[in-house]
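Heads up, there are several structures right after this.
Next come two complexes, and both contain chain A; in the first it sits with chain B, in the second with chain C.
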Partner chain A sequence: MAATLTAGPARPRKLLASRRTRVGILYALPVVVYLLVLFVYPIFSTLLLSLKNADGSFTLHWYADALTGVNLSVLFTTLRISAETAVLSLVFGFLLAQAITRLKPMLAGLAMLVVVVPHFISALVRTYGWIILLGDKGLVNQAMVDLRVPGAPFQLLYNEIGVVIGTTSMMLPYTVLLLYGVMRGVDRRLLAAASSMGAGRVTIFRRIYLPLVAPGLASAGLLSFILSLGYYITPALMGGPKQTMIATLINQQVTKDNQWNGAAAQGVILLLLTLAGLLLVKLASSLGASRKKRSAS
Partner chain B sequence: MIELRKTLTGRIVLTAIATVILLFLALPIVVIVVTSFSNNAFAQFPPQTWTLNWYKALFADGSKWPAALSLSALVAALSTVFSLIIGVTAATALTRSELPLRSAVYALVLGPLVIPQIVTALGLFLLFEPAAMLGSPLAIALGHTVLASPIAVLILIATLRGIDERLEDAAASMGAGRLTIARRITFPLAAPGMIAAAVFSFITSFDEFYISQFLSSVDTVTLPVQVYNSLTFEIDPSVTAVSAILIAFAILALGLVALVRWLGTGRQDPLLSVENTVGVATPGGEAV
Partner chain C sequence: MAEFGVATPSLTVAGNTPATASGKALSVVALRKTYGDVVAVDEASMEIAAGEFVTFLGASGSGKTTTLMMIAGFCEPDSGTITVGGRDVTRLAPQKRGLGFVFQQYLLFPHMTVSENVAFPLTLRGVGKDEIRRRVGETLEIAGLSGFGGRKPRELSGGQQQRVALCRALVYRPPVILMDEPLGALDKKLRDQLQVEIKAIQQELGLTVIYVTHDQEEALVMSDRIAVMRNGLIEQFDTPRELFERPKTAFVADFLGAANFLPGRVEKHDGEHTLVRLDQSGGLVKARRHQLGSGTSVKVAVQPGRLRACAPDDGFCTGTVETATYVGTLVRAGVRIDGGDAPLLRLEVPAGRGPVAGERVGISVDPDDVNLFPTTEQGG
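And then the complex of A and B:
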């Protein structure tokens, strides 16, 4: 549209442009006002609340509180479980996306369906499915007992194994979808060229393929890390007291202890961690874009 | 890696890995559906005898489920309407006009999708609590719209970008007014996108847990909050039936979006193709 406008004479163009601008502002108003009032302002007031004493004076004591003792160990647990989840969903996601790019179209479509459908089913419901599966008499333990796996049945629920299994299955669709897109974007001719110059399979994978998909891997891993940080449902239902994550703590402080300031400070810490992670994602994707450009030229 | 598929072992290994990971994704869902028809809800798998009792129990006297279901449906319907209004206007502004601070508006729209939902929920709690609006279906719907409307905006941006603007220009050059163009050209072409936006807004609200939990009161409990409560506090086997219904509902909704999208794109790819499935799953393109 811009191109057709610049072609016209100067005066009507200016008139038209200003009308288009006015229409734009008018149509953008609902979303901007809505999100400013119900999204930006509430987060801003959370920030304010986290910096206020009971009498309204400025304090950092809620942050000191959030970063000491039990609260600090909850923060570390959150980071640990999120990291474990990110690594596992990245590895599984890589393998599955890799397999899907190689399947026949019909099978690939079916496999992608199995990835996508769970993504749109409530996390609560899927967590419940895991609770049924991983119980003492659940399908997984039953199968291991039948196969005479030594030590079976195992305790797979209400500990970290359970939580990480649950969160990994929640993050897996994201990583598969992201990595599948990245893998489809790899120029196959580069691999063929390396092969024609005598490079072995391992060399091609390590020197050509991996560097090309590495930025995508980094953003997929970071994304599942960030998304796990604020996770509440699965750790709360599948974990024990040792798997309390920061979202659980925020929830407890609001609904049970009426400790809003403390909850607000923890919310802000979670927000800052997320923003830091997003910054890294941005970095990884700009790195990926520059690599792609270089490989294309 | 490239030649992996050419060797037989490579093929077998890859298929085996894919199957295990796919089972990992599918089993929790399959097990719920099967268990919801099982006579002893928790004890065994696969079940020995079958029953419809858990479904019947949902609608028995004194059951909390019908109220939770109708509240969730009401809230989801409200936030679908709000999200569509916001989505259509915002997508028009972002694709069909010269908007100052365009990237700032876009970043604002993406915000709720990347910020942890518990933080958004906490903020909304702090907003609605002093207003004494906890437990109000309207407050919950307004809260859900914060999460649902960005999804609607992204879907509709992708939809409007996919419509050739020259068609609208051509109609204008032949003397069609703006309303006529919107009604006769843009709207029919955007219909599949509108349906997708509506379905995804509805699902987002219907399944939302964090905001609902913070904004609900004792008498107003949405379906996901009721599911959570019955998993933590009271053992109620009919929760498997509810979960199975939620699964069926999600699959139907996705099927509807896939079908409409497939018809809308002129049936280029087969219905069950990777392209189609990925297109349904990432309706806003690569923005997220």
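And then the complex of A and C:
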């Protein structure tokens, strides 16, 4: 009896041989094949493409191209617009989700529907909708002119304001959904408990509520940032030449210049930026956790 | 000016808000709360002295929690006033009342450690870092939680979490600590243990506590005074002994003492005593003097433990023992009284001399243990 106990954990080979594992592999196979063919292979071929010269030899000059001159400024524009979008969609998403959590269940469901349903409509259609609304003779400017707002009509299209309005509206459902879920999970009675100890509304918000929804804020912000990085239609239609984003540039390279290698390099850079973003958030959250642990002990 | 008949704190603790001149930590005057047509709390009034442990006892819907919530500020009264240490707090927000609150569901902040949870109310009050560390350590030690400061609430058991919640509520020495069924989520054994612990801490620190529970035993074990509530009304607000021995209403006699009720009619007064003719057996039972006119129909209330079995025809009535259950130190007996179909009379007599089933017995009682309630006043 003691001997079998001391034999320790099952060896990997034994694990592989077990029936459960074999069945598990069988179930996982379709997904693995799917991912290999449609995910891993394209990424690797893109990577290879970005490292190949016209004659097939190894080179890094596509990356050098992508990170110099106009291309570099496009990259920065992309990062800036994505960051702006992330912040704005986080702020509006927070306010909206906060408002929805205070509604009665029926109304909250209705409000969620209003937030999500526009997403069923094609992004192209919605973008044109914004163009109609924000144009010089659009509803927004017309209303402001009628109200004699000084300076109206404003230029709300074909500049950064237009792009950010567009992308923010596209990201809003994601942030609202994510934050709403997190906010619903916060026990309201904790806030009452804090107030019973003498905490005012601002303190409760800052020291209890915000820390409890912080993980949701981080993931919602990151999600909208990452999604904005690769966004194409809205910036292309609502922005001016100065708001060219990396996705637009990639499209131009492929469709106009037939320059696949350069496009591939920029694609890889986009991917790396996304991964870097993910890593950053992961790092920040684990850093926060360890700092907490140290201060506690 | 001095208030008698209330417990005074056994020792004063530095930082404790001094009680007012009259010694009242909290007073509630004519507090009323309605939800639509339902009266949740009806004109509740009481005065609680500093250092006193007061329990609101009642079934669910009796208004005990609503009253507590109004004192805490989570629920606004329709009318009435709440005064804490001489300050009218009736319309103040919870955070401005400076009270402590322990919830049934602990409600520790999950993102903070035990120490941070306990320190939280102190940080709100701008207490210095070293002072916070000292007081948190001290408080955790009182609750037997030294060494748990670095843990997160989810790493603790229910009983430990509630101890932390208690620490968090008393660390800033609020003038009154409110507790809403704090032991309701714990199992029986732990509950018994924590009752004793909470009571010990309350006495050691001289805390003023208002405690809500539906558990009679818990109320009796812990309280200096108990407010028995029913349908939004305070039936009686007294010491456990008074409630037990001298219930003012039939409800209190039933709720706390599980009394037997025998219908009868006041026959005459005889010096120190009132004599009641029982409807069922025709026997005459002697009670201590009550201010009731002759001929008033009454309920004679006697607790099971105060009835004695004696030789047939020696007592105020006679009957046959139908059930006799041995429960350790006691025998619980059910006696069928002659001459009617009333519920069994319940007796609790010391084991050993206990009656056995089928035996003919007489029932006697000390007149001092008999309470009378006019039937017209109380239905139950």
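By definition in this document, the second predicted complex is superposed on the first by the 254 of 297 C-alpha atoms of A that agree within 3 Å, B and C clash if a C-alpha of one lies under 4 Å from a C-alpha of the other, contacts with A are read in each partner's own complex, and residues count from 1 in each chain.
Going forward, a residue touches a chain if its C-beta (ideal position, glycine included) is under 8 Å from a C-beta of that chain, and two chains touch if they have at least 3 such contacts.
As the structure is a computational prediction, the values presented were derived from the model and not from experiment.
Trainee: Following the superposition defined at the top, how do chain B and chain C come out on chain A, clash or fit?
Mentor: fit
Trainee: Name the contact category of A:D187: first (chain B only), second (chain C only), both, or neither.
Mentor: After superposition on chain A, A:D187 lies in contact with chain C alone.
Trainee: Which partner, once the models are overlaid, touches more of chain A's residues, chain C or chain B?
Mentor: Comparing touch counts on chain A for chain B and chain C gives B.
Trainee: What is the contact status of A:L67 with respect to chain B (first) and chain C (second): first, second, both, or neither?
Mentor: neither
Trainee: A:L272 in the overlay: touching chain B, chain C, both, or neither? Say first, second, both or neither.
Mentor: It touches nothing on chain B or chain C.
Trainee: Is A:S195 in contact with chain B, with chain C, with both, or with neither (first, second, both, neither)?
Mentor: In the superposition, A:S195 touches chain B and chain C alike.
Trainee: Once the structures are superposed on A, label A:V149 by its partner contacts, choosing first (chain B), second (chain C), both or neither.
Mentor: Touch status of A:V149: no partner.
Trainee: Quick one: is A:R20 in contact with chain B, with chain C, with both, or with neither? Answer first, second, both or neither.
Mentor: First partner only, chain B.
Trainee: Looking at chain B versus chain C in the superposed three-chain picture, what is their shortest Cα distance in Å?
Mentor: 9
Trainee: Counting contacts the way the document defines them, which residues of chain A are shared by the two interfaces, the one with chain B and the one with chain C?
Mentor: Residues 192, 195, which sit in both footprints.
Trainee: Can you tell me which positions in chain A touch chain B when the two form their complex?
Mentor: For chain A paired with chain B, touching residues are 1, 4, 17, 20-21, 23-32, 34-36, 38-43, 45-46, 49, 92, 95-96, 98-100, 102-103, 105-106, 108-133, 135, 137-139, 142, 169, 172-173, 177, 180-181, 188, 191-192, 195, 201, 204-205, 209, 226, 229-230, 232-233, 236-237, 247, 250-251, 254-255, 260, 263-264, 267, 270-271, 274, 278.
Trainee: Along chain A, where are the residues that touch chain C in the complex?
Mentor: Residues of chain A touching chain C: 187, 189-190, 192-200, 203, 207-208, 211-212, 292-293, 296-297.
Trainee: Using the touch rule from the top, collect the residues of chain C that touch chain A in their complex.
Mentor: Within the complex, chain C touches chain A at residues 72-74, 93-96, 98-101, 103, 105, 107, 109-111, 113, 115-116, 120-121, 124-125, 149-150, 168-169, 172, 178.
Trainee: Per the contact definition, I'd like the list of chain B residues that touch chain A in the complex.
Mentor: 1-5, 14-15, 17-18, 21-22, 24-32, 35, 42-45, 85-86, 89-90, 92-94, 96-100, 105, 108-109, 111-112, 114-120, 122-127, 142-143, 145-146, 149, 153, 165, 169, 203, 207, 209-210, 213-214, 224, 227-228, 231-232, 239-240, 243, 246-247, 250-251, 253-254, 270, 272-274, 276-278, 280-282, 286
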